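By written order: A, B, C and D. Residues from 1 in each chain.
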């Protein structure tokens, strides 16, 4: 599929917002859904619905096969070695909680250290904070440089003999900085440190190869990848998923249940307790195939052009101050406007149909560091065009006019 | 809506299974979805999609309102006192894990006892088993009587001075026994014991009134209630939800995040970390409204007639042995056929379009107790008719013929 | 056009040059408010004399134009009123923001009412209502000298 | 009609009256298998002599007609074969269930092949394949005298 024609595949763009075309620049929050994905959900519920894995009747068998097909597609998409390294969760947040919780149960000792960064989303900080409370471990923060990046050198500097886990974002949802995961993993593994990657923003914007990155865990949010809400993926190296204890308990994850003992099932069942998000998993197969039909290389190229273009545009707009200037950048343009609070910016832009996000974007640590209470963020997806960014710029100018700025 | 016409509202019944009409008797596993629910998902993704709560743009505001509307509908449906007593989870299994985990963190001490029953689904046993391991608490089992019921007397007998929690199913997914929750709660509260109810089978089949039942927690699976997959509800009394610690950490559940400390948000945000199952929550509003348009009293009456009818039918069928004979029964007909293994039964019935479930139904403890490795289960929903049960009976006879039984 | 109603000159002016910013001298009551969604913070200080008259009122905080203007206008109008009058004005304001088209208080002069009415444009912007009301809720808390943080969510 | 193929007389007969049930006298190798989905259990016992010939083979367990018949037929056919022959037969059987339409082993007589082919109807029933293969996977394990439980899931 030609990426310039992609917008037409998303029915939402037929809608009007305050009588304007929708300029959707909030994909880092959640992406819109292509027709094929919406239709797949519809078709599944309409013609094929059944729970998976538990019954032997026709519909159940078919649903189980469809469900497992998605696992295979995800494996292919992220180039994981083994299908059973793919665990479905309710979101990236749950995936990160699963990792922190199970490593906390079996692996971490009092006094151990976890290294995260100032760029982390709350979802990659709060789960570790729980361990700070319950296990008395310590959390260290790698600091951003002037450009809003985390360098390999900074990571290296913050590693101590007690560092057991490094948990970092692949792509910052505020500065857009892409972290050198492969190099971080190499360094970490040479010191016996586990690497967990928050791939929420990496997965929709970058070409993924788990065997090349070699990280131990990678968390994905499907709703940011043109997939349904209520679904995430945890990639985990087989040896870890086999070694670690289960996270949630319930139907489907057991082997044998007695009054005095319970043994757990094999991968991936061990981590998929209870009825899963069947319809969402089955529809997510279409999201992956949709991305594959465009070609990830084309996605990366298209979005790089957009970000480049948008950056130039906003740099020329006085009063606008971009947050961060990383060499390796993707997906997002965050900024402040001197004299206008981000919430006012978002409200005014919305009136022109331009949807952006204002706030701390679940990154309070970063905003504290930058000494701003909030920022505005325009983020792109495969359906955005340079025209969308022109409209963003126009809307910002309108905003300045209302506030009597020039 | 007239309940006799309800089947037409479910598009799946237009499909053929092995050239036969679908006789869906696996609703205890997961229910089919009415058109209004499927359409709502479709419409939301097609015309209104946005993440909730985080952005101030038009779509986000609308989605947030829709999301909160469902919370209000659930509150009304189960007659909870406060909207903030409704927490959305990914399923009942997660809801039960949430309760066990947070009570384990803050409330239970080594040596404390939890009382469950032999009827419990693995989802209401394994989460407590985790605490047996991590906190050294003890799990006791109230035993079933001859009829497959749990009586109030049996519960009373099993309570000790160390019992801190009673966690029981509202309606057994195998024997169909309805437990006297209100009486159990009264008894438990008089001794300062917390009552947790696994309402997976209660919610679709019974009239719910949290203020009347007075239990402390109640877990619901939306996919068994004519709603989307990947969604559950935890009802929890406000005082508990306020007092207990959070379960998962991440975006949306925080108040203030600093490098050395974190404070958590108020209810219900505290328990809704990360991006929630937005589309599913919004569509679930239609499930509730659909049930309300039929009228819960009509649902209860209709299903009672079906179960009564099916029970008589199967009792007359020699070789068939019903499991349990509770006075108060709903939703399910489980049975064995002398000389035919349940998996063979399910395969043969499926050929006639009759979808039932065979296995231990995530109740190994109960099957051990009954000394059978597995059973067959036909379970009903609002769309079933007496004709469906006749077809079940016919298919069982066909099955007996194949196995040369008479 | 709604935006013009929301961002009226007077709002922009109060937003950019908020009155009564800082700690009022000799304050004897105070309370803090926080809007976790936007990160807005406000701290309201009150000086009530023996006759329960607001001798001094001020605030500290950061936030959007709406929240700054609202706090600024609020402090302007409440100064000099007694506690009962103040509470009536608060109730009237919160009512206006949520549903009532008009202010009913008899404790406000016509030009005071006009000033307050400028904030009514926020009604069209449900996500922004909290920006306008945070300081007012915090003022209620300040009268009671409550030490709990006021939060606007839900 | 597929059902008739699945539940052929010979399957029903073996299912109802399984051969070689129990512990074979003087067994020197054994292994256990479990299918968590259906709860099927099987325990296979082997007596291999010095020439690696299967002098005795038996099983204990419970399960559906397919799994009982499969174990029964398996023990019948393997008895008297040597280890290499047995392994070829196992491979042949598992191949047939998954994809190959025919048995290729030269270690089976025609009537033995016919018996085994009766189980091929299960191919049409993906959820039931595990019922047919559990005992065979467990036999492989028994030859190796593995103490780990064989599980059929995934």
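As a working rule, contacts are C-beta pairs under 8 Å (C-beta built on N, C-alpha and C of every residue); 3 or more make two chains touch, one makes a residue touch a chain.
A quick note: this is a predicted structure, and the numbers were derived from the prediction, not measured.
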Touching both subunit A and subunit C: give me those chains, sorted by label. B
Between subunit C and subunit D, what's the gap in Å when you average each chain's C-alpha atoms? 80
Inter-chain centre distance, subunit A versus subunit D - centres from mean C-alpha coordinates, in Å: 47
With chain centres taken as the means of their Cα atoms, state the distance from subunit B to subunit D in Å. 39
Taking each residue of subunit A in turn, which ones touch at least two of the other chains? 54, 56, 60, 254, 256, 343, 347, 358-359, 364
Which residues belonging to subunit C are in contact with no fewer than two other chains? 37, 125, 127-128
Touch relationships between chains, expressed as pairs: A-B, A-C, A-D, B-C, B-D
Contacts from subunit D onto subunit B in the complex sit at residues 2-4, 6-7, 12, 16, 37-41, 62-66, 125, 127-128, 131
For the complex, which residues does subunit C have touching subunit B? 34, 36-37, 125-128, 151, 153-154
Subunit A contact footprint on subunit B (complex, rising order): 11-12, 15, 17-18, 22, 26, 29-30, 32-33, 37-38, 41-42, 45-51, 54-60, 90-94, 96-97, 105, 121-123, 125-127, 129-130, 134, 139, 141, 221, 223, 228-231, 248-254, 256-259, 262, 273-280, 343, 346-347, 349-350, 354-359, 362, 364-365, 368
Give every residue of subunit B touching subunit D within the complex, in rising order. 339-344, 347-348, 351, 358-360, 364, 367, 373-374, 402-404
Taking the complex as given, what residues does subunit A use to touch subunit D? 53-54, 56, 60-61, 64-65, 84, 254-256, 265-269
